[in-house]
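A short worksheet on the structure shown next.
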Amino acid sequence: MNSLIISISTYSRHKQKESEYAMKKIALFPGSFDPFTKGHEDIVLRGLKIFDEIIIAIGYNSQKKRYFEIDEMVEKIKSCFSSYNNIKVDKYTELTATYANKHRAEYLLRGLRNTTDFEYENTIAMINKDLYDGLETVFLITSPKFAFISSTIIREVHSYGGDIRKYIPYTL
Amino acid sequence: MNSLIISISTYSRHKQKESEYAMKKIALFPGSFDPFTKGHEDIVLRGLKIFDEIIIAIGYNSQKKRYFEIDEMVEKIKSCFSSYNNIKVDKYTELTATYANKHRAEYLLRGLRNTTDFEYENTIAMINKDLYDGLETVFLITSPKFAFISSTIIREVHSYGGDIRKYIPYTL
Amino acid sequence: MNSLIISISTYSRHKQKESEYAMKKIALFPGSFDPFTKGHEDIVLRGLKIFDEIIIAIGYNSQKKRYFEIDEMVEKIKSCFSSYNNIKVDKYTELTATYANKHRAEYLLRGLRNTTDFEYENTIAMINKDLYDGLETVFLITSPKFAFISSTIIREVHSYGGDIRKYIPYTL
Amino acid sequence: MNSLIISISTYSRHKQKESEYAMKKIALFPGSFDPFTKGHEDIVLRGLKIFDEIIIAIGYNSQKKRYFEIDEMVEKIKSCFSSYNNIKVDKYTELTATYANKHRAEYLLRGLRNTTDFEYENTIAMINKDLYDGLETVFLITSPKFAFISSTIIREVHSYGGDIRKYIPYTL
Amino acid sequence: MNSLIISISTYSRHKQKESEYAMKKIALFPGSFDPFTKGHEDIVLRGLKIFDEIIIAIGYNSQKKRYFEIDEMVEKIKSCFSSYNNIKVDKYTELTATYANKHRAEYLLRGLRNTTDFEYENTIAMINKDLYDGLETVFLITSPKFAFISSTIIREVHSYGGDIRKYIPYTL
Amino acid sequence: MNSLIISISTYSRHKQKESEYAMKKIALFPGSFDPFTKGHEDIVLRGLKIFDEIIIAIGYNSQKKRYFEIDEMVEKIKSCFSSYNNIKVDKYTELTATYANKHRAEYLLRGLRNTTDFEYENTIAMINKDLYDGLETVFLITSPKFAFISSTIIREVHSYGGDIRKYIPYTL
């Protein structure tokens, strides 16, 4: 086999990977996840039926203090989905649209719990599409049994020593 | 009379008190009440038609600064209801469900002013029932004439020197 | 025993009954219940913790056609609560406030599922209080697992031959 | 070639088709579409980025009168998407979940315009998942420029002789 | 004086009237008003502070049956505002935008009672602006004491013989 | 001409100015405008069709940090409307009702984007009317293409280096 053939072969593997990317439906599930809840897990698992790959990414602002450490949370989320090779967990500190663009995610996956969520998400979805043309936000409605679980409430329950184990899909 | 009789008598008084408790419908009206408003008063007085006793309790977090001093507010609320022996006023710094449980309150009393309140209260009611099985949140819709009064707005009006007397049921 | 004594005795039994009424907390749970659902059952059973007696009453309009026969529905609802002697089932064709007044019910019991319900119920509650001074509407939020069940949807599912057994607390 | 081989060949073509079906993501876009609007078209075209095939199906009830003839509407919708071989147009008169199941559609595609839509769709999505386990409703938020277009309003404008051409993606 | 002068004079009076029209702010307050309520009256009277003239116009559809006779309702509304020469009462059976255009009304006046109203009115306002470029819908929020009064509820109360006098600004 | 006449003349000019004020419809468009957006501009320009003069006033609290400097923002807003002599731009640090009263503004102009806005604005409008009797809040619904633009989101986009030029009607 000569080098020409080798390089051609490399080239076609490269092409193949590109076209795979083009076909693979990658969704970004962005959030502050402080903490990640069973409601979030519900959305991710249902999202897997729609997308080929989901990137769970914790957006953070180095100047805002979190309740749960970001790196610990990344590890906890990874532990929930260790058996899925099409779920990735990451953190980012830039615009969600910019991060999605860099990672070839053409979809944002979001859960809706109620009308307050809807009004907020509506606004965010429009601005994201505006910032990165073609970025489509896809919504699932959170399952009723998880609809009352919010990160805010879990933080409050936890801060007063309440038991939050049934609201999170990992152990703290 | 010998001691046995005395102790039996004490025992039966004790039993009687327990059964009274069991029958008495005690509702907790929790809030930050910063400040307590005529809207809150409306809910408490209407709640008295439903419950045998109402505990108005100010939840606080020692690390969050209030606009109105908590102990002053407890006194002000007490002064509003001094003629009612079935209304108690207290403060607490634990989970609402924990406080309710300790004080044998099996009901939370809450007012609803609008859909934003509804979505928020819905979430809180579910988590409270989850934390303390059997804790039932009972809602009344705030009377229209008080529906626009919120503690947040009163603080803002007060901070700019506006007259808040008609929004609160006591004098400052 | 002479007649005077008899009449006194009758009088005091009458008085006693009146004062019982005065103390007994009777709530009316009005609706068209076409059909009565597990969501309705949830509200009634939770309402029993608050009220001494609940009257479930089907409001009807002789000129509007129902999907489920009213008398059959009354029987079905009765069958659900046959073990409760403090739950009554009835039908009426007058203003809800008028019916409540006649039956000494000083409370209306209603379930709230979402913000659309809230806006509608808010309006109805105000008019009912206006029509019968002192008629207080007490709201419980429907349990999440029943929140998506509406009579309208059940009728539609049933009309296309779908299985509605898990949405209703009786057999058809 | 003997019959055995033929039957094996037939079998594997059958298997191939099955596995194709298994992998192909088919979404049902159900509605009464009386008429189909540019808002509906917006959802379908954006849905194509998510799903491999979309079935637009007009649910009808033979006893309810439509404003626009159902067969004419099927033709009009077909004319909009004639260049797409992965968009099908149909009509049905059974439960949406039943129809989806028959056509191997594991997703319902729906647009959300506002909070009233959200509350309604939330209820429908839950019942559909309940009726056909695994049927997932996927929501897109209608683009702002189409959010005010509803079939109801178009019918009203049309009935008074108003010009509806800019609200529909075909000519009448 | 010769005819020329007369005609010039007529012409300038005509011009003057035109320019008056151009400057006069005329708002249309459209509705089905079945019946017109104190809530409607509240919006009209407050609208007078904003506009120079208000046309209250009952939109009707000859094929839909009303509860209150349209001509009687026109008379009743006229009787409420007989002392105002800048309030006109009319009926129409065409698109609201068409009627507004014909009567040089560049504003629609509408009341908002709650979020359900908001979602509905939002949609209508956009379509009206679309149908008649420049038609601006101006909203006032209904006063709390009238917010629970709807024509639908008044019809229902009336149909069961309830007293609706306090909800309407005229006698029936 | 003697001084008497002069003073009479001055007096009548004064009277004339007063009556002009009385007739001139001045609306206050209050907000924090951090920053002022194209959505705000949309409301101001449409408001000009209703009112004779609009005062855009930035309410501020010396203790709350802004993202965009208040004096710079006043200048930027002025630059947008430099060709309109009936639009004024100002800042204030008192109750909105007090500021409106001082500047003879009998109207507050506000935009509504969605139901969350509605619930908030409803409350504010009622309190403002309560604080300054006769202060009427007039609402326009934000044009769909601007409805997703909020100052909060623009700040966030800007803080991450995103391009906000298309959301603001001036250059930064």
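The first chain written gets the first letter, and so on, giving A, B, C, D, E and F; residue counts start at 1 in each chain.
The rule is short, and it goes like this: a contact is a pair of C-beta atoms (placed from the backbone, for glycine too) under 8 Å apart; a residue touches a chain by one contact, two chains touch by 3 or more.
Since the structure is predicted, the reported quantities are computational estimates derived from the model, not experimental observations.
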Chain pair equivalent in interface to D-E, over half of contacts matched, among A-C, B-C or C-D: C-D
Chain pair with more C-beta contacts, A-D versus D-F: A-D
Intercentroid distance (Cα basis), subunit E paired with subunit C, Å: 40
Geometric centre distance via CA averages, subunit F-subunit E, whole Å: 28
Per-residue overlap in subunit A, given as positions that touch at least 2 other chains: 114-116, 119, 122, 126, 144, 147-148
Partner subunit F, residues of subunit E touching it in the complex: 25, 46, 49-50, 106-107, 112, 115, 118-119, 121-122, 125-126, 136-141, 144
In the complex, subunit A residues that touch subunit C: 114-115, 144-145, 147-148
In the complex with subunit D, residue positions of subunit E that touch it: 94-95, 97-98, 115-116, 119-120, 122-124, 126-127, 130-131
Complex contacts: residues of subunit D adjacent to subunit E: 114-116, 147-150, 153, 157, 160-163, 166
